[in-house]
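All chains are identified by letter, namely A, B and C, in their written order; residue positions are counted from 1 within each chain.
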Amino acid sequence: MKKAPDYEKLKHRLESSKFSGSGFLGTDERPVDEIIADDLHQMEINQIDKDDLVDLLKIYYQKIRVEIGRRVRFTDNIYGEYHESMGRIPSPFIGDGVFEKGEAVIVNEKTGETFVITALAINLIEKHDFFQGKGSRYRLDPVRLFHLFDELEE
Amino acid sequence: MGTILTGIITATVFLILMGLVLAILLVLAEKKILNYGTCKISINDGNKELEVQGGASLLSLLAEKNIYIPSACGGRGSCAYCKLVVSEGGGQLSPVEEPYLTADEIKAGVRLSCQVKVRNDISIQIPEALFKIKKYRARVEHKKVLTHDILELRFKLLDPQTIDFKAGQYVQLTSETYKGRESVMRAYSISSVPSEKNYIELNVRLVPDGICTTWVFDHMKEGQEVTLSGPYGDFMLSDTSAPMICMAGGSGMAPIHSIVNHMAEMNIQRLCYYFFGAQQQRDLFYLEELRKLERDHEWFTFIPALSAEPESSGWTGFRGLVTEALAEHFDDLTGYEAYLCGSPGMVGACEKELKKFNVEEDKIYYDEFA
Amino acid sequence: MEAYQETNFFATLFIIFISAGLTNNILLARFLGMCSCLGVSKKVDTSVGLGAAVTFVTATTAALNYLVYYYILVPLGLEFLKLITFIVVIAAFTQFIEMVIERYSIKLYNSLGIFLPLITVNCAILGISLFMLNKPYGFWESFAYGLGGGFGWFLAIALIGGIREKINEKFLPEGLAGPGITLIIIGIMSLAFVGFSGMIKI
């Protein structure tokens, strides 16, 4: 099936590029709109509000970022750490602008889950409902994220 | 039988001829229609004039004439490094450019040079410093391990053989392709001193999944030739004699290292406090060198701050974040200049803290690429 | 007498245009140009852009192919090559047009030009050129037929785009999102267009 030229270009930009070595799709082979639709569907089922999720992501990203690398303990099992990186990365969606590269990593020691939160990833969710493809290091699965914040905000 | 054969032959001949005619027509059309002829690029109100073959982007045409505008994305219109002022003949602002430009910039005629196609004579404004940017071939002299994730790279410049830069400026290193990764350009501050003109040194920190840093760590070999361009940036020592606060973290060491060594060499005796942030002792480097500098020069003080050093270790220096180290040493910094280098997160945190201590906003300097 | 013929001539062209666009809608009645329609009809503005490009190319290539067929292929006795000839002519023509609008109107190029490579292989365009030969048309009638056919396709994809924009695909059963629901929409719409068929005989 033919796709709009813009869409083809977007898909190309989401793959491994000069900016993101691993790309945004991970090992996910589904088309981008399907990835987005599926995540929205999962959120619908689990009654997760995207805006709440984005707000929490921003709050925790800042909490971790201001500590410039020092470990932040949230609970007995969950901590966050900011991994610095120089430079900026442009969004694969043309027109979004550029974002700083640092990563706020949240680790749940009990479950072994890690969440890599970046300024770009938050923008992708907020503006494009794109949580990134499965298998990507930067994917923020909405349902897992929801449970994480549930535990953190208790 | 004969008619069938003639039929096949006419058909074949016709198809071949048709293909040929259409192909020739298209080639001719392309030559005729897409030929913009020779266009003139007038730089800085006619200070410099270039004659180029129109039809390509401003960025690439300037590069053809050895004027290198900084660019990271290679003309895709997504990094917005290649901004410059087009005062005349730039044509319409494209939808790709718009989101990267502020209203003031649009008014001033700022464009992304990779998105401006030269179709006619055009006049542009370029900062003089950009004319000094050159492309270098260089040989890797050594790859020295500084910490578990930071390397020191030393390059001997081959062609051209010397570089003129100011302490604090940066170069762009071009990585080679490996394992399906594209060739990219990434910026690194120079850590060596400007007086050493045949060599430059960089500090490169490994970034998880980083395209260029992975290449540097795993694929670049001592003795191999690489491509660099520079010097870029306006992060450099000011002409004043105001006392200085320098703050850096990780590979942000490089430009400050260059600046303080340059000051020592040139005998610039400005009061200078250098706060360097790291997690543990294993993340510190150039420690002995900087301690020696501190001993030899009255004006220089080096304060490393460790944020995650185990309690039990023998570390007698400061424990905590760089910002906390600053607060411990000072409560008023009126009249100081600040030089910051590190990730945007670190620079942001330091800037906030410095403003609290009355450092004026326009006296806080940091690199644009960070 | 002459004036009468004149109006008659334009009336004929108009009838051909309307019938090609509405009563024999190429997308909704003949289901041609389906794959670009499914892929691109997600938003009204891209639909309109593609539709406009298709209309333009259909009309001009219909006229062009008319000349090629009656003045080159028929005299040479090579009518059986019309399929491949038309494809090549359409492809070359879109390339040419892309160059022209890139040179002379960057604005038009930004909105229309990106679709041109995509429609080179749009079967609706080839379809119009081939159907036109089944009818006893002269040059201008062929042009009107091409214009009408293209306009019909434009109308259809713009309508589908509008409907798809309003649909929140999130609420659709899994697997029906995207092409699935689009085909259903097209099916329902074509039922409506079937009502027109036979109203005008051309």
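In this text, a contact is a pair of C-beta atoms (placed from the backbone, for glycine too) under 8 Å apart; a residue touches a chain by one contact, two chains touch by 3 or more.
Keep in mind it's a predicted model, so treat the numbers as computed, not measured.
**Q** State the pair with the higher C-beta contact count; candidates are A-B and A-C.
**A** Contact tally favours A-B.
**Q** Which chain has its C-alpha centroid at the greatest distance from the C-alpha centroid of chain B?
**A** C
**Q** What is the distance in Å between the mean C-alpha positions of chain B and chain C?
**A** Once rounded, the distance between the two centres reads 50 Å.
**Q** Suppose each chain is reduced to the average of its Cα coordinates; what separation in Å results between chain A and chain B?
**A** 27
**Q** Suppose each chain is reduced to the average of its Cα coordinates; what separation in Å results between chain A and chain C?
**A** Once rounded, the distance between the two centres reads 42 Å.
**Q** Would you give the residues of chain B that are in contact with at least 2 other chains, written as numbers and ranges?
**A** Only 95 qualify.
**Q** Would you mind writing out the residues of chain A in touch with chain C in their complex?
**A** Listed in rising order, the residues of chain A that touch chain C are 1-7, 33-34, 37, 40-41, 44.
**Q** Using the touch rule from the top, collect the residues of chain B that touch chain A in their complex.
**A** Touching chain A from chain B are residues 72-74, 76-80, 95-96, 98-100, 180-184, 186-187, 205, 207-211, 214, 249-252, 277, 279, 307-308, 321-323, 342-346, 349, 369-370.
**Q** Mind listing the chain B positions that touch chain C in their complex?
**A** 7, 10-11, 14-15, 18-19, 22, 25-26, 29-30, 33-34, 91-92, 94-95, 117
**Q** So in the complex, which bits of chain C are touching chain A?
**A** Residues in contact with chain A: 35-36, 38-40, 42, 46, 50, 114-115, 117-118, 169-170, 174, 177-179.
**Q** Along chain C, where are the residues that touch chain B in the complex?
**A** Chain C reaches chain B through residues 76-78, 80-81, 84-85, 88-89, 92, 95-96, 99-100, 102-103, 106-107, 110.
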